[in-house]
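Alright, structures below, take your time with them.
The same chain A turns up in both complexes below, where it pairs with chain B and then with chain C.
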Partner chain A sequence: MNTISVDSITKKFGEIHAVDKVSFEVSPGEIFGLLGPNGAGKTTSIRIILDIFKPDSGTVSVLGGPMTEEKKNKIGYLPEERGLYQEIPLERCLVYLATLKGLEETDARQRVGEYLERFELDQWRKKKVKELSKGMQQKAQLITTLVHRPEIVIIDEPFSALDPVNTQMVKDLLCEERDRGTTIIMCTHQMHQVEELADRIALINKGQTVLYGSLDEIRRRYVADAVIVRALQDLPASLPGVREIIKQNNHAMLKFEPGKTAQDVLQMLVQKNISIEQFEIALPTLDEIFIQVVQGKGDGR
Partner chain B sequence: MNKIFTVLKNEFQTVVMRKSFILTLVLLPLTGFVVLLVVSALQKSSGVAAGEFLNELFTPEEKQAAEGYIDFSGLMKSIPPGNEEMLVKMNSEKEAADAVRDGTISAYYVIPEDFMDSGDIIYVRPDYNPLGGSEESGVINALVAYNLTGENLELTYRVQDPLNLTEVDISNAMVRESENWLTYVLPYAITYLFYIVILTSSTLLLNSITSEKQNRVMEILMTSVTPRQMLTGKIIALGLAGLLQTVVWLGSGLLMLRYSGSAFALSSAFLLPASTLLWGVVFFVLGYALYASLMAGIGALVPNMREASQLTTIVIMPMIVPLIFISSLTTTPNSPLSVFLSLFPLTSPVSMMTRLSGATVPLWQIGIAVLLLAVSVVLLVRASAGLFRAQNLLSGSSVSTKNFIKALVGK
Partner chain C sequence: MKKFWLIFANEYKRHVLKKSFIFGLLSMPLFLVLIIGVSMLSVWLQFNDAPMGYVDNNHLLTDAVQVPEKKSKLFAVAQAVPFEDEASAKTALENGSIQTYFILADDYLSTGKVTMVKNSKTGTNASSDFGDFLVYNLVSDLPDQTALRLSEGNNLIVRSLEGTRETGADNWMAIILPVLAGVLFMIAVNISGNYLLQAVVEEKENRTMEILVTSVSPTQLMAGKVVGNMLVGLTQLVVWVVFAVIAIKVAPSFIPDLQIPPIETSYLLLMVATLVPSFVMVAAAMGAIGATATESREAQQIAGWFTIPIMVPLWFISAIMLKPNGALSVGMSLFPLTAPIALPLRAVFTDIPAWQIIMTLGLLSVLAVFSVWLSGRVFRLGMLRYGKRVRLSEAFRRAK
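Presenting the complex of A and B:
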């Protein structure tokens, strides 16, 4: 059983199609990347999954059925628009938000205490939230997302406005949650962050799913006819079977002529007695795939 | 249900722990106590009963100088006994004018030759005070009555004050001394109390919603509670905060009166019938629910408090109407205007309480007011709850009054 199944959801705001027949499924215990540029319809899709918005058509199934009040308590959500009550003490704010997720107040207080210690916010617990730095507030927000030990975590733009240290901390946390068996949806336009973490992705553009599947499979599908070569000596300006040589820092990308394969190029390099240190298939980055897709070469799935 | 209670508890705690709330809650009764202490201290030193002292403070009796009269009719033979110091006979207008200038008399009357036919008397005084009312001492009435009755003092009294009317109220309501300053102050106090409490509680609700929008907590809340649970929790919590305020203020008011004890002859003046207090709770709850749901509607639509200001001004306008007509409500509590204001749902919570604290209101009128108010509350709560949905709560732009009303009626 899939943890989340999104089936052909559509949502219009006025005349604008925010989401148009988007479908995807999220399996238990995976990190799923919901990708797309700003304004692609990611947040609207998330809000429909969370039952904040009702779709105009299509259905969503969460933990085996429609969303209920009880299921809401099993979800941890970190929205893109981060915010906490500014005028009340940190601990009270976090405990209140935790009790809204169905925790008893004593439990909430204990777990919030544990997280505050872990995130080194312990000494700030009695301070008003507005007195905390932005980074501290981000951490506090993460506590709100995780404190009730959710089965599903949905994080919208998890790395926006985070410094490298905190970015790493969030990545570690997400991996830790996955190891615990939590299903995670990561919603972002920062493709390179997803490459490290996500098992599968859906790419949304202009409200429609343009790519969907496992990250490896997608990248292989978009393999460019090119290899990356690092040689001990300079490569000649032209090589047979290679239509273009793009020199990069300490390696070069060799793009084949039509009909040639990586194997052909390797044989040719060996024949030419070129000493090779590194030879690998040039897998495209998600950024490159994304650009290809939105420029009209997507597979439309 | 559980989540409504969680929202309610948090909201109530947040409001009553706020410094400004605690300050107003404590400061107002404290000011009252200070005034009371000062008054009783003054009373002890002057020996005047506090009640009288306050009466004097509100309506001081001015010491009247003597007045003069010039009689051209020849009817005024003598000044009635006991008024010799108040009235001085003058022989000519010049003499009278000089005496006014000297300050020996404060003003003078000219009784013309044809007084018997016309009844005209001219009153000449040095200044003109249209708001101060007539400062004319009334001693001229005594002079005329005394001389026209052939200098018969008993007849003079009867002519001047023909009957002693004793009013018996068959409605059996508690009668308050009409002479006492509190009879006059009480309706005002009740009106302002209702106005302030309903206004602050419903504004607190608006504040709470807009601050959640501004702090961007709304989206997290939406994934934990439904908009309706949130609205219900908030309305009840802030209503309770308002009720707490009312209870503390009224309670400390009663305490002050008890403390002042017998020095104030207040028993019948300040006593409000239990039914009025009961109606007070009913009108507060309904009035608050009415304005709170309007404010919640505004809160759902606007992005922040600043954008809300124009709309709130228009929404609270009907609350101000009873304050504008307060003198009419207190002096003529059964006039058509007073009846209308106390029946119309937007003005009735405050107006009806003003009337109830000043006069006896027929039960059918209270019934109609409650009914109209309750129907309006149901309709408005439903309309506002309709606006309290995710799409509005998560966005928000400036809203014109026209659009607000359209949104309320569901267009």
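Presenting the complex of A and C:
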């Protein structure tokens, strides 16, 4: 059974189609990337899943059925628009939000204490939230998302406002959650972050799903007819069966002529006695696929 | 339901435990005590209980006796001392053994003319104390009851034409109470409403709302907020009323002259029956305004316009007193926003027909329920709108 099933949801705001027949499924224990440029409809889709908005049509199933008040306690949500009560002490704020997720106050207090220590925020626990830096508040929000040990974690732009050290910490935390069996939906436009973490993705553009599947499968689908070669000597200006050589720092990308394969190119290089240190299929980055698809050069699958 | 109590307790505690709230709670009674204290101090500073002299050439006050001290008097009565002539009285005034002296004119009985000679040390109580002394001795030969009636005056009872209502002319409490209750109501409802308004707008402004609505249903969230913040206002109101009751009970032992007239229970019930639904109605409406607005300053401005009508009956208080059954008075006591103050105020001066009371209370109750419903609707629509207001028409259109 899928943890989340989104089936052809549509939502209009006035005349604008924020989400138009979007469908995807999220399996238990995976990190799922919900990607798309700004304004694509990612956040609206998330809000429909969370029952903040009702869809105009289509259905959403969470943990085997429609959203209920009980199921809300099994979800941890970090919205894109971060926010905490600014005028109250950090610990009180986190304990209150944890009790709203169904924890008893004593448990909430204990778990919040553990997380504050882990996130090196324990000396700030009595300080008002407004006295914390943006990064600290971001970490405090993560505590709110995870403190009740949810079965599903939905994070909208998880790495915004984080420095490299804290970005790595969040990545480790998400992997740890996945290992614990938590299903994670990561909603972002930062493709390189998704590449490292996500098992599968859905790419939304202008309210519609334009790409959906496992990350490996999608990258292979968009593979260019090219190889990356690092040779010990300079490559000749032209090579048989190669229509273009693009030199990059210490390697070169060789684009094949139509009908040629990587095997043909490798044989040709060996025949020409070119000493090779590296030879690999040039897989496109998610950024490149993203740009291709968003600019309308994708296959729309 | 548990989450409702969590929201409720959080809303209540976050205001009630604030220093500013406790300061506000105590400042009103302390301010009143201060004002009363300063007034009494000012009276005391101008009071002088040193003896007063008098010159009575007509011998009207032969064998005069001092006015007996009443237990109910806060300050002692200045004693009156006779002098043979004005010269000796003047000497006594100059050497400070008396604070003032009075000379009864030769034709006093026909003209009532008395000359008072005073200096800077003469107390403000001297003339009234001497007046009491004069009346007390002039009527001393009459039967006791007659003498008492002449010195105390009439006890006027004002009765309505139908004969169903009457009040003592000195029952100032009946007039003060609705005005006082109205002002306290305004303050309490503003406190509750503003807290509610702030609570909703603040969570939109600081973006906590999105986390909250994924933890608790909008209905529970709004209900917890409305009840929690209403209770904050009611706490304030109850504490002030308790202070007032204590003051009413305790004041006569400090201020014996103060006579606090009794208030009819039916009148108090009418006031409570009017104020409770009004309170819910206004507080919930303020919550709805908070949900429609995009920032707290805007919400405050809208709420300001909304609360003005509640005060309107106080502007027309003289019209209500003079014509309690006039069209203006009746209209204001029926209109839900002016009724909280206008209805109890009218009840002091006239017998309000039962149908009018039932209609007003019915309207207020229906509107109270409607306000809570509407605020829930608007809240659901407006909770995640940043920068765009929810129109009321939209709330009704989407009421499904």
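Just so it is clear, the second predicted complex is superposed on the first by the 300 of 301 C-alpha atoms of A that agree within 3 Å, B and C clash if a C-alpha of one lies under 4 Å from a C-alpha of the other, contacts with A are read in each partner's own complex, and residues count from 1 in each chain.
In the analysis below, a residue touches a chain if its C-beta (ideal position, glycine included) is under 8 Å from a C-beta of that chain, and two chains touch if they have at least 3 such contacts.
Quick caveat: nothing in here was measured; it's all calculated off a predicted structure.
J.: What does the overlay on chain A give for chain B and chain C, a clash or a fit?
T.: clash
J.: Which partner does A:Arg82 reach: the first (chain B), the second (chain C), both, or neither?
T.: both
J.: So, does A:Phe159 touch the first partner chain B, the second partner chain C, both, or neither?
T.: neither
J.: After lining up the shared chain so the two structures overlap, which partner does A:Lys72 touch, if you call chain B first and chain C second: first, second, both or neither?
T.: both
J.: Quick check on the superposed pair: does A:Tyr115 touch chain B, chain C, both, or neither? Answer first, second, both or neither.
T.: So A:Tyr115 meets neither chain B nor chain C here.
J.: Is A:Thr144 contacted by the first partner chain B, the second partner chain C, both or neither?
T.: Touch partners of A:Thr144: chain B and chain C.
J.: Superposing the two structures on chain A, identify the stretch of chain B from 21-29, 111-119, 129-137 or 147-155 that clashes with chain C.
T.: Clashes with chain C appear only in stretch 21-29.
J.: So which bits of chain A does chain B touch that chain C touches too?
T.: In chain A, residues 47, 50, 52, 69, 72-73, 75, 77, 79, 81-86, 88, 96-97, 99-101, 144 are touched by chain B and also by chain C.
J.: Chain A touches which residues of chain C in the complex?
T.: Residues of chain C touching chain A: 3, 6-7, 10, 14, 203, 206-217, 384, 386.
J.: Quick one: in the complex, what on chain A touches chain C?
T.: 47, 50-52, 69, 72-73, 75, 77, 79, 81-86, 88, 96-97, 99-101, 144
J.: Help me check something: in the complex, which residues belonging to chain B touch chain A?
T.: The contact residues of chain B facing chain A are 3, 6-7, 10, 14, 211-212, 215-226, 390-391, 394.
J.: Would you tell me which residues of chain A are touching chain B in their complex?
T.: Its residues touching chain B are 47, 50, 52-53, 69, 72-73, 75, 77, 79, 81-88, 96-97, 99-101, 144.
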